[in-house]
Amino acid sequence: MSEPWMIAGAWLATGLTIALFSFLYKDNPFFKIAEHLYLGAGMGWLFQVSVFSVWGPKIWTPISNGDLMVLVPSILGLSLMTQFIPKISWISRYGFTFLMGYGAGLAIPASLATDFMNQIMGTLQPLAGVSSMTPLAIVNSLIVAVGLVCVLFYFFFSVEHQGHFKKVSNIGVYFLMIYFGASFGNTVMARFSLLYGRFDDLYTFSGGNYFYATQIILAGMVVYFIVHELLRKKEASEGEAAQ
Amino acid sequence: MKETLQKFFKIDRRWIFLLLTLALFIPVMKPLGLPNKSIAQETERVYKAIDALPPGSFLMLSLDYDPSTKPELHPMATALVRHAFKKNLRVGVVTYVSGSTGLIEEIFSKVSKEYNKVDGVDYVVFPYMPNVVAALTQMASNMYGIYTVDRNGRDVSTMPVLNGIKNYKNMAMVVCVTGTGIMDSWVALVGDKFNVPVAGGVTAISQPGYGPYLQTGQLKGLLGGMKGAAEYEVLLGQPGKGTSGIDALNLGNLLVLVLILTSNIILLVVKFL
Amino acid sequence: MTKNKALHLAVLFLFTAGSAFAAKPAAVKKAPAQPAAAITGFAAADMPYDVGGAALLRWPVGHAETPDTVYTVFASTVENGGWVKADEFKAAGNSGKSVDLPFWAWDGSSSEHALKVDLNAAFGELPAGTVVHFKVESSVNGVVTAASEPVSAEPKGNWFRLDRLNNVVLFVVLVGVFFWAVSHAKRKGLFIRRIAGLDAIDEAIGRATEMGKPIYYTTGNQPISYIGTIASTFILGEVSKKVAQYDSMIQVPHYDPVVMTVCKEVVKQSYLEAGRPDSYRDDSNFFVSQDQFSFAASVDGLIAREKPAAVFFMGYFSAEALLLAEVGAANGAIQIAGTDAEGQLPFFFTACDYTLIGEELYAAGAYLSKEPMLLSALKVQDFGKLVVMLAVLFGTVIVMLGAKFHWDTLVNVVVNVFKAY
Amino acid sequence: MKLIKKTIPLAIVFTVGVLTLLSYYVPHKVAVDFVETVSKWENIVMAFAFMLGLISLFRTHYGKITRQVPGWGYSIFVFIGFLAMVVPAIVTKGRTMEAGSITALGWSYRHIYNALAGTMFAVLAFYIVSTAYRSFRIKSAQAFVLFVAAFILILGKVPLGQLIWDKVLGWTGYTVSQVIGWIMAVPAVAGKRGIMIGIAIGAVVTSFKIIFGIEKQYLGRD
């Protein structure tokens, strides 16, 4: 791609970036344009991915090679389209019940294995090395075990959480709070580095070789907000004067 | 008094947004060089391992990150390539994330000029491959089984950079920079099996998960997040995006802490007024 | 209590029965005794419980073996010659214990070597019925010290993953408990404690009605086949029933078109059940985008413009969780969230007024509908948790004592039972 | 009518569900092939579902333009954005890179899609700060624990925070990285594991209800 295209791209990217950021100040036409453009572009990107990775190789190629098995899912898929005709929209059930059955069938053994059994084992296994562990490590493993039991008790639906039960479930809540707090704190920096990345791009595009894209677009937007605000005030005062 | 303080609770969010913008944008324009604590051991281990390689050794880089993790991982990859070129190592680049091709291009178009390195003689960039496990397994016996051409479609068999390189046995080291689980594949399928030293660079979020690998020595070293990149730049003596990035993160995190502390102090004062 | 005991016995029985079928050293062909520099007792068999294309080799640990001894395994698909190196390992790193199978499916000892050889890696896809020949050589510092006679085995696909027996048992028990709970529920009714977040739903809808503003409901970003999404559609059913009763308005922006299809049915039926089919509007469920952040941008825009009185986030969310919840909070909506995306829970928890944590999302539909069949499901969830709590409490004690007094078998049993293979 | 409207759909759920479930326990190639086929089918059905969404989107915005509802002008940009991605994609056959330089699709991807997606993701940085300011107020013992955990993590992740910790709490002999390591590996694991196990068991029960047709509200009434 040639130089002018790259500069045009920089202006476009800068404009869209600043337009989305402007929502932080308040809703405005620039944001609405960027938002709608994004809606189209996002679906457009997914559309081309779907065409070149599913429609082509997984539907069209097999059919033209005479592999008619793909017609079955195609018919199931087509049944979804009956949504647009309310009278026969019940046909779409054939399509989505297939998806639901598949999802449910996959979920049962997989959840039991990775999130149920392996988590119990992960709690017990460290203790198998108890003879070679430091006292501190043993205490840590026990904290995990006790904490886990208390958290599970917090979720227990069959008893009202009163008296001693209340105490146990409260301990569970503390463990949940630590997890939430730690997980929140751990994410903060990652989000900042993303924002830093966007700012870095904006800074790059503010250079002379990009004809000061960032400054000019930013200035334009600030002028818009000022003028808009002034007009609004003027209208308001005229409205008052008229009364 | 109480009312004025309580107003702070309902402060317009946009003031906070403005503060954050300043905290992150100022370092972009002008790195402040805020004190960076002593260099982490894991970072130093990566640096020393690469520094100890004799000139002409082959360093394989697996750069597997896309624009979403670029701010953290791109500075790392850039610093690693700089280091390799500075030490006159031969560099090969593979990738298993389709979004990374443009970013790899960005590194080499810039850094190769700084060190007068020639594509095909001093470095080679292989095309993107979708299936990481298959590719890593194949490279164990003969890498030309899957990589016949470079990213521009040129035949690699005659390239001087690959002279005498056939499989992992001929490689001095592998460094994987990634925001995905691809590093685990390198450790399990390559490092453990073929005695090739493997080091890595990951995002700050996933960094704690690699502790066990470091302990057992399955990973020779690890760069973690923006901080790891900044530290590597310090070791290399070439401050870059990692250094200004860590400035920005320092200010950003501190801002959050100041904000939540302020709001709690006000809460206390209001309570006792 | 006796019921529980019987259950325990049954489980125990199943596992022992399983071990009866466990892979015994079922050699297809045994090598005859060999002179001095020979590896004796080398046997090959099909690798059990797999799809095929792998064989299991076993042979006793040699007398002259040192930890540095290297074993090299060769395989061939033809009668004579054609040997291909299939694997190579140090003697110290391998024994009958290193095969990763549970005790009821495998009895390996540390006085033998056992190795799973993946033949597809060496030969590509093997046609069914191929007989593969194996031999093994030991060497020290590259000098071959001993070799075995070739033996053969026919790798084939098996019909049951015996190593996953614990998974099957757990599933069957859960199904059993479910039907027990159903029959119990019909006879006596079931007690369920209150769930704070769900009691707030009425309040939120009431407020929306008073203010004359819409309610927003989002179902997350997963397809209809995902459990969290399905749970969300149940809750939507209950919420929209109340919305219909209060004559308020609900808006459901969608990420997935199929989920939209299902939700249309659900909302329509709720309006019917509430006796207000005329108030139902087909465009209350509408599609936005299947792209994560453009969905977030658009819904943020909608919330900022329409300023809904209440927003529900039910289902699986990724990074867009906070993008949506913070805009809702800034625009003064009552927000009730429920998600099984544990990574996003902290953000909903801090930005929303009420948050259903993890499984509470699945329980919510049943809780709201009060239907005995559905409530029984909650009892199964509780039973599962009880199993975990007891397993962890007793398991901790047993494993610690076992490790202390070197009851290795006991520790092994406990750890195996809860391991997913 | 009930047969084709309700019974057959429920039979589909049951059959597909049970077969998929069994395939986890059956290692034979038959089962492997079955799962492979069904997941390929799912892929195809989802491709149709995507078209359903696309058509809905177009209908909505086309309707807005023709009826000239307030703000209809913005709807035009939906189509512009769509074409800006799809036209280059058709020209370049879906490739973003060719011979080492980016194609027209690559250009659109980088300067439109990626700029927008990256920015929306980055907006999270602002929201995370305002949420923190609003909600990390110590009003109860539980809120205090939440606050402390978050505070330590935010502090200890950056070098400046580590310096501050060493100055103020260096005497304890623990570095902030060690404390973070402990929090993430011990109490946070207990909390997370509890949630995960609960979710797993809930998912199993819900799946079970769906496969056996106990929960069938999603089918609608008739």
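Per-chain numbering from 1; labels A, B, C and D assigned in written order.
By definition in this document, a contact is a pair of C-beta atoms (placed from the backbone, for glycine too) under 8 Å apart; a residue touches a chain by one contact, two chains touch by 3 or more.
Keep in mind that what you see is a predicted model, and the values were worked out from it rather than measured.
> Using the touch definition from the top, list the chains contacting both chain C and chain D.
Both chain C and chain D are touched by A, going by the contact rule given at the top.
> Between chain B and chain C, how many steps is the shortest route if every step has to go to a touching chain?
2
> Does A-D or A-B have the larger number of C-beta pairs in contact?
A-D
> Farthest chain from chain B, going by the mean of C-alpha atoms per chain?
It is C whose centre lies farthest from that of chain B.
> Averaging over Cα atoms per chain, report the distance between chain A and chain D in Å.
5
> How many angstrom lie between the centres of chain B and chain D, each centre taken as the mean Cα position?
Inter-chain centre distance comes to 25 Å.
> Touching two or more other chains, which residues of chain C qualify?
Counting only residues that touch two or more other chains, chain C contributes 164, 167, 171, 223, 225, 227, 230, 257-258, 261-262, 288-291, 293-294, 297, 330, 345, 347, 350, 357-359, 363, 381, 384-385, 388.
> Could you tell me which residues belong to chain B and also touch two or more other chains?
Answer for chain B, listing residues that touch two or more other chains: 13, 17, 20, 24, 68, 204, 225, 249, 252-253, 256.
> Among the residues of chain D, which are close enough to touch at least two other chains?
24-25, 42, 46, 49-50, 52-53, 57, 102, 106, 110, 114, 116-118, 120-121, 123-126, 128, 130, 132, 136, 147, 150-151, 154, 157-158, 180, 184-185, 192, 195-199, 201, 203-204, 206-208, 210, 218-220
> Can you list every touching chain pair?
A-B, A-C, A-D, B-D, C-D
> For the complex, give me every residue of chain D touching chain B.
96-97, 99-100, 102, 106, 110, 114, 117-118, 121, 125-126, 128-130, 132-133, 136-139, 147, 150-151, 154-155, 157-163, 166, 180-181, 184-185
> In their complex, what parts of chain C are in touch with chain A?
Those in contact with chain A are residues 164, 166-167, 170-171, 190-193, 195, 223-227, 230, 257-258, 261-262, 264, 282, 288-291, 293-295, 297-298, 300-301, 304-305, 343, 345-347, 349-350, 357-360, 363, 378-379, 381-382, 384-386, 388-389, 391-393, 395-396, 399-400, 402-404, 406, 411, 414-415, 418-420.
> Of all residues in chain A, which touch chain B in the complex?
Residue positions touching the partner: 24-25, 186-190, 192-197, 199-200, 203.
> List the residues on chain D that touch chain C in their complex, please.
Touch residues, chain D against chain C: 24-30, 32, 42, 46, 49-50, 52-53, 56-57, 60, 116-117, 120-121, 123-124, 127-128, 130-132, 134-136, 192, 195-199, 201-210, 214-215, 217-221.
> Looking at the complex, which residues from chain A come into contact with chain C?
20, 23, 27, 31-32, 34-35, 38-39, 41-43, 45-46, 80, 83, 86, 89, 92, 95-96, 99-100, 102-104, 106-109, 112-114, 116-118, 120-121, 123-125, 127-131, 142, 145, 148-149, 152-153, 155-161, 176, 179-181, 183-184, 187
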